Amino acid sequence: MTWHPRRKAGAALLLMLALFAIVGPWLAPRAPFEQNLYGILQVPQLAEPLGTDHLGRSMLARLASAARLSLGLALLSVASAAVPGTLLGLLAAWRGGWTERLTGAVADAVLALPGLLLVLLLSAFAPGDYWPLYVGLSLVLWVEYYRVTRATARVVLASHHVEAARLLGFGPGYIVRRHLLPELAPLLATLMSFGAGAAVLALAAMGFVGLGAQPPAAELGLMMTELLPYAAEAPWIIAWPILLLGLAILGLVLVSTGAPAEAAA
Amino acid sequence: MMRLLPGDMAFRIAAGRYGYDMVTAQAAEAVRAELGLGLPWFESLVAWWGHLLRMDLGVSAVTGAPVAAEIAHQLGHTLALALAALAVSCAIAVPLGFAAGLRPRGRLDRLTLWLSVLLRALPPFVLGIVLVAVLAVQLGLIPAGGDAAHGSLIAPALTLGLGLSATAMRVARDAMAAVTASPYFLFARTKGLSDRAALLRHGVRNAAVPLVAYLGVQLVFLVEGVVVIETLFAWPGIGHALVHAIFGRDVPMIQGTALVMGLLFVALNTLVDLACAGIDPRVRIRRGR
Amino acid sequence: MTRIDTHPLLAVDALSVASADGQLLAPVSFTLEAGRALTLLGESGSGKSLLAHALMGTLPRGLRAGGTLTVDGRRCDAADPATRRAMWGRQLALLPQEPWFALDPTMRVGRQLAETHALAGLGNAQAWRRALHDLHGLGMAHAAQAWPTTLSGGMAQRVAFAITRAGGAPVLIVDEPTKGLDRVWRDELVARLQVALGEGCALLTITHDIAVARALGGDVAVMLDGRLVERGDAAAVLGAPGHAYTRALVAAEPANWPAVRAPSPGGDEILRACGVSKQFGDRSLFRSLDVTLHAGERLAVTGPSGSGKSTLGNVLLGLVAPDAGTVHRPDRIQKVRYQKLYQDPAGAFAPHASIGRALEDLAALHRIDRTRIAPLLKRLKLAPHLLARRPGAVSGGELQRFALLRALLLTPAFLFADEPTSRLDPVTQQDTLALILEACAETGAALMLVTHDEEIAARVSDRRMAIGYDTPFPQCTRPCQ
Amino acid sequence: GKAVFAQPLPTLRVIGPWELSSLDPLRNGYLFSRMQVTETLVDYDAAGVPVAGLAAGWQMSPDGLQWRFALRPGARFHDGTPVTAGDVVAALGRARHAAGVLGAAPIAGIDAETGAVSIRLARPFAPLLALLSHSSTQVLAPASFGADGTVRAIIGSGPYRVTELAPPQHFAVEAFDGWHGARPAVTHAEYLSVGRAEMRALMAEAGQAHLAYGLDPGSIARLQRGRAVAVHAVTVPRTTLLKLNASHPLLADVRVRRALALALDRRGIASAILRDPSLAAGQLFPPALPGWRDPRLPALGYDPAAARGLLAEAGFQPDTDGLLRRGPDRLALMLRTFPDRPELPVIAAAIQEQWRQVGVAVRVAVGNSSDIPFGHRDGTLEVGLLARNFGVVPDAFGAVAQDFAGQGGDWGPMRWSSPVVTAALAALPSTPEGPRAEALRRQVADTLHDAMPLIPVVWYRQTLAASPRLAGVSIDPFERSYRLTQLQWKT
């Protein structure tokens, strides 16, 4: 399979980010938690290539460890939202009737329950960990995939080619793979790439209302929250995590826009 | 469910009520006695349902005001903000996304891609601060916060809407790209419609199917997702209130809010479903069979 | 017909089409004159539709046009579609080969037509009246408020034609405008094309129906394998064909087919429908219909367009639930052995998977011997390299044959063939039908063939059914016990 | 273009982080007394001296058990009704709720007399005046209450009356014509709650707020550079401190507590997080509490080597990972704090790292503020980081007494007591102001400095960004009033 240059660029970008997450800590002069209260908010310089944060910690070291934690968890939360969301959406569109009504009601119920409550409940089981936050997020976020999938799948399922495939004896798995997914892929790819960014930002929002900040671990979203007060003084400091997140989203978008359905169009 | 959460409810409520300096064990015990928090959970739930049947949502454990009145006040603000943000996001995402989708891989497509990546990577509070710093402080165009001044809806709605438009723009673009590649769109053009007319009559409606489904979900998330914006811009909305209620373990308030929001969402979703079916007859026809 | 003075409206100079793999259409040059028809006949897959798209500037991505054309005095580079964009609908109009896909699924039929009338500067009300008038003239007065997905194949064909005509463009290119239409509507359509000619239009018609070519008169051109092999005055060429292929083409007209042997009746019952009725809205398609089919039997179904032939087949296959009555398919026969050839083959393939992939998947699913594919390809005159293409990148006739191939791989017990040869040139049509009959005979499959062509119906089967008339042919139904 | 949305003269806008979550004086009453809508019997001046409030004057019986407060003659509520002794008694009765400060006073009874209120005490209690200045004792007109006794409106007797109420964010006031004093220059004002410090700073800068309370250090630095606003600051009697569980096996040893105190780089924290090294807490009581603070005490220092020494003395040895152990126990602590004051989690992170340097493993849990008193009660709290306001009322005695009573109060030490402190606090209420009282207070300060049941970290400063168009701006160190009546518009 030949890859579109855009896709290659995206993959290269993601690879670079992964590399940064892995080797970054070695590049950094200090451990991510080491502070220097007398050298805060320093501008980037040779010793501190990305400057220091509000507690004089090395931004390079913190970004690298945040990249590892956040991007991994963001992908996890996207996957754990997209997979059940899409599957349920497909199921609802496929079966219609009470299956659709039931899953729809569940989705409504999830939306009606304050998502924050879910996240809080989950984080009560493992206080201080980040994964409950992300998993809690995906408990809410799957609805997005569910509804969008259902809406698109309904139209596709009404088409002749799906009817023909059924007549030819193909099962749901095949129809999903060959008929539905190619149609859904660009949309899902977009939602997922941006969803990874949304997950990180959602965590930033939680930090903003005072949830989830468990020092000293570095997490992209929470870094943005805690650096906000220093944005006016040292804008470059808060720019780093934003830049990193932006690059990650860009990489994902580029990789996914090369999806098969579009490449051949 | 609230009782599963860590921390003692009476203490939490006392903290919410009196401010943390004043929370003492005595205050907490007074709260416990006043609200009957010692009761087993099912008794309080039954009591709540009983009140509910009489259309009574109770009074907030923290503020002591009737829940219904508080929700009415806050929900109105939140809905105003959510709708304004949705309008902003549509106003940005739909034209830009559609225009980008008309020429996939064109210059505008690339530009909007960068734009939406940037908007998606910027946390709303940073965006909000930047907007206020530029629009309110530097240019003095809009008021910065609070609901008191006229036009104070602008900054929060803009912030929220911009953030939302990031993904919506791409969804719109993908949908439109699919439409422009379709034979009926080509036929609409070869039969003589101008690009604009073809877009308006045959492009928009077809591209709207996935977009409406997506925006429908967004509207729902908006109501809760506004927390940050409400906190940042001192907007007296329900997201902000709900967060406080959850932190303060204000059970009547949470129950009331969840109930009202649940009803609201069911209504919204039904509306979105109807809209989807209204836009696309194929869905209706298949169901009719 | 009165002849009006002719002048060239469209002059084509060395127009060619190439893909990355090579040339699909060798350079052709011709002119289209006002009031004179040019009819393109030719082998299925010879490049007729590509020629039409190259003229319009609507070639699919990946294909390139070469040469130049002059429309109404203006020269355009064929490779640059931008110059023709402004002429669309006003100077140039194209009726695409797949009318079903050309209609916007989210707009009612009447409005799609009316908006085209409005382009001529009519007010909304007047445009709507014109649209109703058009639909009425095409026998579809009741369909103005219908959604495109509810149209029958022939109805979609007629609507798309009306829309193409509505703009009043002087250069009219119509790609198989009569396929799927019964004789009455075919003649009506031809009459309308003649009216257009009378109004001074230049007409390029692509068709497989030689009767249409004859009726239109003017010039005919015959295409084979991406090049023009013969052209000249219609009567002359069709009366005394010069090229061997043209001769074959004319000889293969269904009217010239030898009558086929009726199959020996008997065999197990394959399908029994008792008292089935179906109506959509307040339009009743058929009422209390009984159909019984035994192994090896052939039933030809005819009827006016939109009368419910496809719907009947869908009811028998269980794809559409009847309003009343029952359909019985014996349990001993596997479900997948009830097969259907779709009226619109383009809609019946997953658009994003290559044809080869689709066949491969089918073979894997039902453990079909893959060596059966190659001989069938050959028999259907399908080039193996087409397997790598997606359904959108082959010609309509090619896809129709692939659909047949796909159905035959499953050795059907019952085959509902909905206009299986309507997109094929007469030669291929004859071959293909022969293949269908042969395959059915071999496997003892019951065949239900829908066709608008009485000649074909007559030659395929003695058992006939006509629906949409007040009294169905008495012999087609057998009472249920 | 800057002037487009700036308010024209009449309405003064005050913004602060506090939300108007309730009208109840016990809950959010302070906003109304700060905006000078309501009054308390006693008021305090900038020097911390009690002055007349709603009470024109007061007398104490020689035994200190009977107080009589004469009401200001002619005092009227905003609805025109006169303020009666009965109204005051009712207000004080409500304020004796468990969550009100008055609950701490040994009050035997409160009686209405004509034009006066008398309070009987069970024992002498000097800080009574201070308690009577607390906003929870504010006096509301009877018409303020609904049939069920809940507060429905705010009808006070101060120089301003409420014109608009939109909880939880906003309310507006205007000068009250029936006020006995001179008509203030600021005739209209409003309060708006804005949660984020950054936004408050921006609003002040944009001219959309005239007084913006509570600024973050980053914004202060920026505002001071510009000329758009004047920045005022005053240290307030609030100390950010670590509350230690003295019964915890690891913390029971005073050497460990001292070591933990020595391991803190307060100057670093103060300069990095609060941007003012002078806020490093040299002792528990801040300079804003002159009576309590002992100026002779050596300021707490930063000496990690000494800290390690003390820990070694206490039996802790470094493990391979550099963290300390004593036998099977790791020197690991859980530090609880809460985000209500945004600097607390940041300080917690700094402390975590500084303690790690001397070998103490700390896990930080940022939760709700009530987790600390709750953890105090059920004994699970190990270390809590909090900001304690000793100036809830102008006399810090109330807060101190509450914190150090018995084994320690909810916001004071935990399971720690000292006979010296107990005795001093018992003696103070009946000790008249003078060298003797001063000595007692010093005893308290010195004992705390030595035993370290609470580790002071930094002091606190209240900041205010004021519009340059205002004259007479000042901050009340006791956070009782926004002093609207003292403001003047500059022409």
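Each chain carries a letter (A, B, C and D) given by its place in the written order, and its residues are counted from 1.
Here, contacts are C-beta pairs under 8 Å (C-beta built on N, C-alpha and C of every residue); 3 or more make two chains touch, one makes a residue touch a chain.
Because the structure is a prediction, the values reported are computed rather than measured.
Interface comparison, B-C against A-B: more C-beta pairs in contact at A-B.
If each chain is reduced to the average of its C-alpha atoms, the one that sits nearest the average of all protein C-alpha atoms is B. In this assembly, the chain whose C-alpha centre lies farthest from subunit B is C.
Note on chain placement: the centre of subunit B and the centre of subunit C lie 50 Å apart, centres being C-alpha means.
In this assembly, the C-alpha centroid of subunit A lies 19 Å from the C-alpha centroid of subunit B. Each chain gets a centre from the mean of its Cα atoms; for subunit A and subunit C, those two points are 48 Å apart.
Work out the mean CA point of subunit C and of subunit D, and you get 86 Å between them.
Counting partner chains per residue, subunit B has residues 6, 125, 129, 133, 231-232, 247, 280, 282, 285 touching two or more of them.
Across the assembly, subunit A contributes 127, 158, 210, 228, 231-232, 265 as residues in contact with two or more other chains.
Along subunit C, residues 149 each make contact with two or more other chains. Pairs of chains meeting the touch criterion: A-B, A-C, A-D, B-C, B-D. Touching subunit B in their complex are the following residues of subunit C: 56, 58, 85, 88-90, 92-94, 96, 98, 101-107, 115-116, 119, 147, 149-150, 160, 163-164, 166-167, 169, 320-321. Listing the residues of subunit B that touch subunit D in their complex gives 6-8, 11-12, 14-30, 62-65, 73, 125, 128-129, 132-133, 136-137, 139-149, 151, 231-236, 240-241, 244, 247.
Within the complex formed with subunit A, the residues of subunit B that make contact are 1, 4-6, 104, 113-114, 116-118, 120-126, 129, 133, 163, 166-167, 170-171, 174-175, 177-178, 181, 209-210, 212-214, 216-217, 220-221, 224-225, 227-228, 231-232, 242-243, 246-247, 254, 257-258, 261-263, 265-266, 269, 272-273, 276, 280, 282-283, 285-287. The touching residues of subunit D, counted against subunit A in their complex, run 197-198, 216-219, 221-222, 265, 268-269, 271-273, 338-340, 342, 345-346, 348-350, 352-354, 356, 363-366.
In the complex of the two chains, the subunit B residues touching subunit C come out as 182-193, 197, 201-202, 205-206, 279-282, 285, 289.
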